[in-house]
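Paired with subunit B in one complex and with subunit C in the other, subunit A is shared by the two complexes that follow.
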Partner chain A sequence: MSDFIQLVVSGIALGCLYALVALSFVIVLRATGVFNIVPGGVVLFSAYMVYNFHVTWGLPFGVAVVLTVVLCAAAVLLLDRVLFRPITNHGSGHGTFFAVLLVGIGMLTVAEGLVVAIWGSQPLSMNDPWGLSKITIGSVSLTDRDLSVIAITLILLGAFWYLLQRTRVGVSMRAVASDPEAARVQGINPAVISAVAWICATVAAVLAGVMLGTAVGGGINPTIDQISFLALPALILGGAGSIGGCVLGGIVLGVLQSLAEGYAPASFGSGFGQVVPWVVMIGILVIRPSGLLGSRAMRRA
Partner chain B sequence: MSAQVMDETPPAASPASAGLGHEAEVRKEMRLVSSWWAWAGIAAFIVAGLFIPLSTSNALMISLLTSGAVYGIGAIGMNVLNGYAGQVSMGHAFFVAVGAFTAVVAGSKWNWPLPAWLLAAAVVGAVTGALVAPLALRLQGIYQLILTLGLVYIGTYIFTNWTSVSGGDNGIAANLRLNLGSLNLGDLTIGSEQYSYSQGLLLVSWLLCGLCVLLVHNIMRSRAGRAMIAIRDGGLAAEVAGASPARTKINVFALSSALAAVCGALLAAQLQYVSINEFDWQLSIQFIVMIVVGGVGTSWGPVIGALAISAVPLYITTYAAQIPFVKQPTGSSGGFGIMPGQLSLVVYGLLLAVFLVLQPRGLVGLATGIARPVARRFPRRSTRRDRHGPVTS
Partner chain C sequence: MTGTDPILEVSGVSIRFGGVAALSDVSFAVLPGEFFAIIGPNGAGKSTLFNCMSGLFPPTGSIRLNGTELVGRKPWQIATLGLGRTFQNLGLFDSLSVIDNLMVGRHVRIRGGVLDGALRAGPARRAERAARLRCHAIIDLLDLEAYCHEDVATLPYGIRKRVELGKALAMDPTVLLLDEPVGGMNREETEHLVHYITSAQDELGLTIVLIEHDVGMVMDVADRVLALDFGKVIGLGLPDEIRHNPAVIEAYLGVDVAAVSAPSPSPGAEERDEQEREAMT
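Up next, the complex of A and B:
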C-alpha cells in the first residue's frame, strides 16, 4: 500500500511537470492562435542557466531563478519579434501553422546544439536546492522534491487561473483568442497580449526546467527538452485550450506512467512506462476525440 | 504547408481553345515530360546514374550519393504526405523503421533476393500506413502531429522489445543481397573491372530513386493524385467534386509509408546494420528539412534536398578540423565548442528557419526563379506558378 501511495505521489509530481509544459504551450496557443514549441527550448535552457547562476556563480537559488526568467523572457520575446511575427503576419491557416511549428523545432535543435557547445554533453547536477530530505508518514516516505514540485505547480496554476479569469489582461487574452478582430476594435492591442502570454509561458517553462533539473538521479542533460514532446499527450488528453484540462491530463498521464513503471511485469519489456501516455492518448482519440474537458471545434479534420 | 503545385496538375484549358485545339492542349498538358530541358535533365540523370557508380571509387562520394538517393526516396514519401496532400506527420521515422526491419527479416534472415525484400518492405510499409491512416485522418494540425509523433515512441517500444527482429538496443546486422536473378549487383564484374558492394548499391539506389520520382510525378497527374491535391487545397470543394477524403487520405498514407519503408530497406542495405535508436523523431524532422530545403510539392525537390542535407553531416565530420568552434570527437567535454554531430543539428535548424522565412519554395524554387527569365525566351512552355500568388508556408 505504501508503495502504491509513493508511486501515486511521484506520478502526480511527474504529471505536474507535464502539466506545466503543456500549460506553457496552451497559453501561447490561445493568445496567438498558433502552436509553438519554443517553450520546450526554454525548459532546456533555463535548467542550464539556473545551474550556471546557482552552482557556477554561487548566486542564491531564488535569485538565479528570477534572473533566468527575465533573461529567457527577453530572449523569447525577441525570437517572437524577429522570427515568428514575420511568419504569422505573412499568411494564415495551415501554412502558417506548419511554418511556425517547423521553425520552432529548428530553434529546439539549435538550442540543443548551443547547450552542448556551452556546457558540454555530460549530465550536470544542481546542488540540491530543495534539500533532498524525505518526509516519512507512517511507512510512506515522500521526497521533498516531489512535494515541492506539486506545491509550486498548484500555486502557479492558481495564479494563472486568477490572471486569466479575473484580471483585465486575462479577459483581453480570452477576447483575442475568441475573436481577434472584435478584440482589436475594443482597443485591445494583440501585440501586448501576445507578449504577456509569452512571459506567462516562459515562467511556466522555466519552473518546469528547474524542477526537471533537480530530479533525483536525472539531473540536467542536453535532452531534457524531450519533455516538450512527452507533454503533448497531456495536451490532447485534456483538450487543448483549457488550463484545467492540461492539469487534469498531465496528472492522469503522470500517475498512469508512474504506476505502469512500478507494477508492469518484466515481460512487458523495457520502456513500457514511457509508452503508456501515448497509448492512452491514442485510445482517447479513438473513443472520445474531444478530450476529457476539451471542445470539439479545434481538432477535427 | 499549402504550396501550390499547379504545374503538376492539368489546369482547365483556356476557353479560347476549343475542339481539336482543346484536345491538343490537354494532351500537351498531360505529357509526362513537357520541355526540352526536362528531357535533357532526365538524360543527364540516366547517364550519371549509370556512369558515376561505375567510375568513382571515392568512398566519401559513393556514401554521399547513396545517402542522397536513399533519403531522397523517403523524402519523396514525406513530400506526398505533406507537400501534395497537406497532411502533417512526425511519424515518418516509424515507417522507415518498419521498412528497415522488414528488409532485415526478408533479405537477411530468409535470404530473399533484391526485388523480393524491396517489395516486402514496400508492401509492409503500405499496409502499416493504411492501418494508421484512419486514426490520423480524423485529426488535423497539432493533433495529427502529436498522434504521428506517438507512433515513433510506440514503434521504439515495440522494436526495442521485439528482439528477435530488431536485436533490441544492440541493433542487428543486415546482410542484404543485391541479387537480380543470376546477376549479383553487389559483386559486379564488367569486362575486367570489379565493382564493390557499395558501388552496386549506389547504382540500385539511384535507379530506384529515379523510378520513385517518376512514379510520384505520374500518380500526381492521375485522378487519385489530383484528388490528393484537391483535398489539401479545399476539402469541401474536393468532396463536392467527388473525391472521397477518407479514401484519398488512406491512399496518401499508404503511398507515403511505402516510400518511407523502401528508404528504410535501402538504409539497412547501406549501413549493413540496423538499430531502432536511429529511428527517432529527429529522423522525421530530417525528412521535413529535406523537403523544405529542396522544395515542397515539387517532383525533384525532395531528392535535391536529400542530397544537400545528407552532405551536411558528412562534410562536417570530414572537415571538422578546419571549421572553427568544432571540437574533435575525442575531446568529449569542457571548453567552448560544438560537437560535429550537434553542429549538423544546428545547421538543420537554421536551414529550416532560413528557407521557411526567405525561400519557401526551396532550392527548386530558387532554380526556377533563376531559370524563368531564360525559359521565357523559349515560348514553348513557361512555368505557371506566378499566377497563384505568393506561397504562405
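Up next, the complex of A and C:
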C-alpha cells in the first residue's frame, strides 16, 4: 500500500511537470492562435542555464532561476519577433500552422546540438536545492522534491488562472483567442498580448526545466526537452485550450505512467512507462476528441 | 448635422486586390453628429471601405478623423483615436460574457500599464470600477441587463447583434461605423435595433456611418446617403436626391430605390436594360 501511495505522489509530481509544459503551450496557442513547440527548448536551455549560474558560477539558486527566466524570456521574445510573427503575418490556416510547428521542431534539434556544444553530452547534476531528504509519514516516504514540484506547480497555476480570468490582460488574451480581428479594432495590440503570453509560457517552461534538472537521479541531459512531446498527450487528454485541462491531463498521465513503471512486469522493458501517455492519448482522440475538459477555444487553432 | 468642419474626411481612397479595383478614388466627408449611410449592391466595396477606415486594409489616399490621418496606422491605434466599428458577421468574443465583451472595448480607455491591471493597484482599481459602471450604463441603454453575465455564444442572433453594437459603444467612439447592423433581421427586429442605434446616437452625441442593404430603412433614418457601385461613388446627397439619382437606380436593378427593402442581388449586364430603366424612372 505504501508503495502505491509513493508511486501516486511521484506520479502527481511528474504530472505537474507535464502540466507546466502543456500550460506553456496552451498560453501561447491561445494568444497567437498557433501551436508552438519552442517552450520545449526553453525547458532544455533553462535547466543548463540554472546549472551554469548556480553550480558553475556559484550564484544563489533563486538568483540563478530569476536570471534564467529573464534571459529566456528575452530570447523567446526575440525569436517571436524575427521568426514566428513574420510567418504568421503572411497568412493563417494549415500552412502557417505547419510552418510554425516545423520551425519549432527544427529549433529543438538545434537547441539540443547547442547544449551539447556548450555543456557537453554527459549528464550533469545540479546541487539539489530541495535536498534529497525524505519526509516520512507512517510507512510512506515522500521526497522533498516531489512535494516542492507539486506546491510550486499549484502556486503557478493559481497565478495564471487569476491572470487569465480576473485581469484586464487576461480578458484581452481571451478576446484575441476568440476573434483576433475584432480584438484589434477594439483597441487591443496583439503584439502586447503575444508578448505577455510568451513571458508567462517562459516562466512555466523554466520552472519545469529546473525541476526536471533537479530530479532525483535523473539530472540534466541534452534530451530533457523530450518532455515537450510527453506533454502533448496531457494537452490532448485535458482538452487543449484550458488551464484546468492541462493540469488534469498532466496529472492523470503522470500517475498512470508512474504506476505502469512501478507495477508493469519486467518483461515489458524499462521504457514501458513512457509509452503509456501515448496509448492513453490515442484512446482519447478516438473516444473523446475534445478531451476531458474540451474547450471551444481550440476550434480556431 | 450640427457642425461645419467634417469629423471624418475620406479623400481619394483606392485599394486593389490583385487585378480588381475594390475602391477607386472614393471621397466624402461626414459632419459631426450626422447619420451618414453608405449603400450599394453586393461587392460594391462598402465593407472594404470600412476595413480601410479601421486599419485592417492599407488603402492609398487619405482618411482623417478629427484632422488626424488614419491611413498607415494600426487598427488598435485607430480604435484608441475614437473610431469604433461593428462587423457584418459579428466580431463577438464567444467565450466571454456580455459584460466582458463590452469591457474589452473599455480597456483602451483605462490608463495605466499591464501590471497595474494585473495587480489591481489603487488608481487602476478605480478605473476598472468606472469602466464597469460605464459598461452597465450601455447595457441598460440597450436593454441587455437580462443577458449581462451570459456567454455570448449562447445568445440568439438578434441579441448578439445588439451586443455587437454595445461592444462598439463601450469604446466611447466619436465616430461609429456600423456594418449592416440589421442584416438578417425581420422588420420588427430591424425597427427595434434602429431605435437602439438612434437613441444611442442622441444620448452619446455620436456620429454614425452605416452600411446597409436595407435601402428603405436607410432612407428613413439617414441624414445623407453615399451610393457605391463597383468601388466608385455613384451618388452622394440627401435621401431624396439619392432616391431619384439615375445611376443609383440603375445599380439597384432599375427598381425605384424607395420601394426596395430586401437585399438586392448584384445586377447582371442584361438586367441593366435601357427599357426597364426608363419604365422605372
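One rule holds in what follows: the second predicted complex is superposed on the first by the 291 of 301 C-alpha atoms of A that agree within 3 Å, B and C clash if a C-alpha of one lies under 4 Å from a C-alpha of the other, contacts with A are read in each partner's own complex, and residues count from 1 in each chain.
As a convention for this text, contacts are C-beta pairs under 8 Å (C-beta built on N, C-alpha and C of every residue); 3 or more make two chains touch, one makes a residue touch a chain.
As the structure is a prediction and not an experimental result, all values here were calculated from the model.
Undergrad: Go through the superposed model and pick first if A:163 touches only subunit B, second if only subunit C, both, or neither.
TA: second
Undergrad: Looking at subunit A, does subunit B or subunit C touch a larger number of its residues?
TA: B
Undergrad: Once chain A of both complexes is superposed, is A:196 in touch with subunit B (first), subunit C (second), both, or neither?
TA: After superposition on chain A, A:196 lies in contact with subunit C alone.
Undergrad: Taking the superposition on A as described, I'd like to know which of subunit B and subunit C A:61 touches: first, second, both or neither.
TA: Neither partner.
Undergrad: Quick one: is A:172 in contact with subunit B, with subunit C, with both, or with neither? Answer first, second, both or neither.
TA: Second partner only, subunit C.
Undergrad: Please indicate which partner A:184 is in contact with in the superposed arrangement: first for subunit B, second for subunit C, both, or neither.
TA: In the superposition, A:184 contacts subunit C only.
Undergrad: Can you list the subunit B residues touching subunit A in their complex?
TA: 1-3, 82, 86, 88, 135, 137-147, 149-150, 153-154, 156-157, 160-161, 235, 245, 281-282, 285, 288-289, 292, 325, 332-334, 336-339, 342-343, 345-346, 348-353, 356-357, 360, 390-393
Undergrad: Could you pull out which subunit A residues touch subunit B in their complex?
TA: Contact set of subunit A toward subunit B: 29, 35, 83, 86-87, 90-99, 101-103, 105-110, 112-114, 116-118, 120-122, 229, 232-233, 235-236, 240, 268-272, 274-275, 278-279, 281-282, 285-286, 289, 298-301.
Undergrad: Considering the complex alone, what residue numbers of subunit A touch subunit C?
TA: 163, 167-169, 171-172, 174-175, 177-179, 181-190, 192, 196, 295-297
Undergrad: Touching residues of subunit C toward subunit A in the complex: what are they?
TA: Residue list for subunit C touching subunit A: 54-56, 74-76, 78-80, 84-85, 87, 91-96, 100-101, 103-105, 107-108, 110, 114, 117-118, 120, 128, 153, 167, 171.
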